[in-house]
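Both complexes shown next keep subunit A, but they swap its partner, so subunit B is in the first and subunit C is in the second.
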Partner chain A sequence: MQFFGGSEISPSPPVPTASGNNAHMIYVFNRNGVCLLYREWNRPLHTLNAQQDHKLMFGLLFSLKSLTAKMDPTNLDKGNLGVPQLPGQGCSFHSFRTNTYKLSFMETPSGIKIILVTHPRTGDLRDSLKYIYNLYVEYVAKNPLYTPGTPIRCDLFDTTLDQYVRSIA
Partner chain B sequence: MAAIYSLYIINKSGGLIFYKDYGSSGRMDTNDSLRVASLWHSMHAISQQLSPTTGCQGIELLEADTFDLHCFQSLTGTKFFVVSEPGTQHMDNLLKVIYELYTDYVLKNPFYEMEMPIRCDLFDINLTQAIQKDRVALLGR
Partner chain C sequence: MGREVSESCIDSLLTEMVTTYCNRFYANKPELAARRIEAIGFQVGHQLSERYTMERPRFSDHLEAIKFICKDFWSELFKKQIDNLKTNHRGTFVLQDNRFRWLTHLSLDPTTENTEDPNGRSENKGAQVASMHLYFPCGIIRGALSNLGIPCAVSADISNLPQCSFVIRIKA
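So, the complex of A and B:
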């Protein structure tokens, strides 16, 4: 697992991979599983209420991470399935695709998880997620009025995020 | 370096009915492979619930840091998935070929009981041939 070593604070946004608006939704979780941010742009189907939906999403990511850590074919000693792992430890995953959507996932060293759900034919979004993390650092983490671990309420972050996500997907 | 690390077949209730390893390091024991298979079954089902649009049929491709997992679900709910090197091409075709072998050599075997572990020599032999790397490359043509 590689964390980004670059020291640039806000690099220029990565080149858009497609044009048009095909992002469905974004989730941001902290390391305790609290949903800090949920936004949706295009989601016709809701199967659960919001809270259950966030819990299910966090559970899916958590379990998929323990699955990939256990399956890792390049690692000799992987421990048992479901052993708790620190962010960056063990083999993680960066995206999965179904016939109706693609989910891109990034975990930062502090355990913030950023999840972007887009159209299934979207390209690699790892750089875009890093850029969204940069937005988070700039507009949320550096905001003196923000209490860590609480849902993000920051207009500037919301508008910048909206603008950026519309440009990538 | 192997292009394919392992192959799993799970029945419609999430039980592992076939597992073959093609040289991943730190081989999983029987219990681990059973657990991983049923975990995949549930993750596949949950991913359908979280879909933003209707008609989701579960995860087709999982891209991890060190491997890709390609999954194919047949109409009857049997799931086939291969763990391969990142960026391996033509895995969808390979899965369809494996499905074909399964229907030919397993389902048409009068001694095979549905949903039970697969023990068919002919299936093993043909599978080994299909998985050989050069054959996989040919499928892309």
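So, the complex of A and C:
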């Protein structure tokens, strides 16, 4: 089963339009709802304080995933709700779009959720989210100084993530 | 054709070895932990140098042995050679690797480097933990050289990651 490639970071997927600086913010949660990373590049409006914002985001996505799986007209069995599945298997919610932004989501089998909010005309970001997960594995999960379950404070991850996100639309 | 092993497995094993020795076996005695880890490296280096010098003639002098470490030995271990070798011709050699393979995934906490601690202790803590991971490769080098008949002392310097310098001091 070759979902996440070899030990080298997989080459980044082709960028649709590289106009840079179009991502608004990114959240990374683990399976217990701990917000491992929150970075924002462009967010003029803050309605809630940080804690509430993270809780709201986590709750929203948890509910959306359950709802979309339950409403699936093509699936015969009830499925295991709440259990992270391989992306692409079962019914998995991956993005929603409003007139002002697009939110892209990916959950890995280990329960790591990556949420990226960008401008509304962004294409399908599933491959980009997979690449960001690869960055997480290389620079956070394999970092000897990182304790799993704690907020991410790794220099290398921050810089490579920043560079990558600025290069996608 | 030898057997192969996953690199992630080796990385995780080495990380866990250092963490176990530092946090469980010798929890408040970093010196002892460092010594144990270096001793493990010594054994490993001893055995590896035996294997990799099987078909070679004996080395004529210290410089030849160090060059063997820089080129063949390092290529077998890390698939690349040492990038820069410096010596003072009086028994001290500095081996510089611009991208040390076992340190590529290591990065320090950016926030602690900004705190103003009068003793600079918070900054040193991150660097101290990182330096624990270097005792193993230092031991490997010391073991390899000792097997070639060159007793020495090896230390490492990571002032700019991922670049790493190993300083070998040959006992006269």
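By our rule, the second predicted complex is superposed on the first by the 142 of 169 C-alpha atoms of A that agree within 3 Å, B and C clash if a C-alpha of one lies under 4 Å from a C-alpha of the other, contacts with A are read in each partner's own complex, and residues count from 1 in each chain.
Basically, a residue touches a chain if its C-beta (ideal position, glycine included) is under 8 Å from a C-beta of that chain, and two chains touch if they have at least 3 such contacts.
What you are looking at is a predicted structure, and each value in this text was computed from that prediction instead of being measured.
*Asks:* Specify the outcome, clash or fit, for subunit B and subunit C once both structures are aligned onto subunit A.
*Replies:* Once both complexes are aligned on subunit A, subunit B and subunit C fit side by side.
*Asks:* Where does A:32 make contact in the superposed view: on subunit B (first), on subunit C (second), on both, or on neither?
*Replies:* So A:32 meets neither subunit B nor subunit C here.
*Asks:* Tell me which partner A:156 touches in the superposition: subunit B (first), subunit C (second), both or neither.
*Replies:* So A:156 only meets subunit C here.
*Asks:* For the three-chain arrangement built by superposition, which of subunit B and subunit C touches the greater number of subunit A residues?
*Replies:* For subunit A, the partner with the higher number of touched residues is B.
*Asks:* For A:92 in the superposed arrangement: first (subunit B), second (subunit C), both or neither?
*Replies:* first
*Asks:* In the superposed arrangement, which partner chain does A:143 touch: subunit B (first), subunit C (second), both, or neither?
*Replies:* second
*Asks:* Counting only touches as set out at the top, which of subunit B and subunit C does A:51 meet: first, second, both, neither?
*Replies:* In the superposition, A:51 contacts neither subunit B nor subunit C.
*Asks:* Determine how wide the angle is at the CA centre of subunit A between the CA centres of subunit C and subunit B, giving a multiple of 10 degrees.
*Replies:* Computed from the C-alpha centres, it is 170 degrees.
*Asks:* Could you tell me how near the closest CA atoms of subunit B and subunit C get once both structures are overlaid on the shared chain, in Å?
*Replies:* Minimum C-alpha separation, subunit B to subunit C, in the superposed model is 26 Å.
*Asks:* Show me the residue ranges of subunit B that touch subunit A in the complex, using the header's touch definition.
*Replies:* These residues of subunit B touch subunit A: 5-6, 24-26, 28, 32, 35-36, 39-40, 42-43, 46-67, 69, 83.
*Asks:* Which stretch or stretches of subunit C touch subunit A in the complex?
*Replies:* Touching subunit A from subunit C are residues 6-8, 11-12, 15, 18-19, 105-111, 126, 129-130, 133.
*Asks:* Looking at the complex, which residues from subunit A come into contact with subunit B?
*Replies:* For this pair, the touching residues of subunit A are 1, 24-25, 40, 42-45, 47-48, 53, 56-57, 59-60, 63-64, 66-68, 70-78, 80-81, 91-101, 103, 117.
*Asks:* Which residues of subunit A touch subunit C in their complex?
*Replies:* Residue positions touching the partner: 7, 138-139, 142-145, 153-158.
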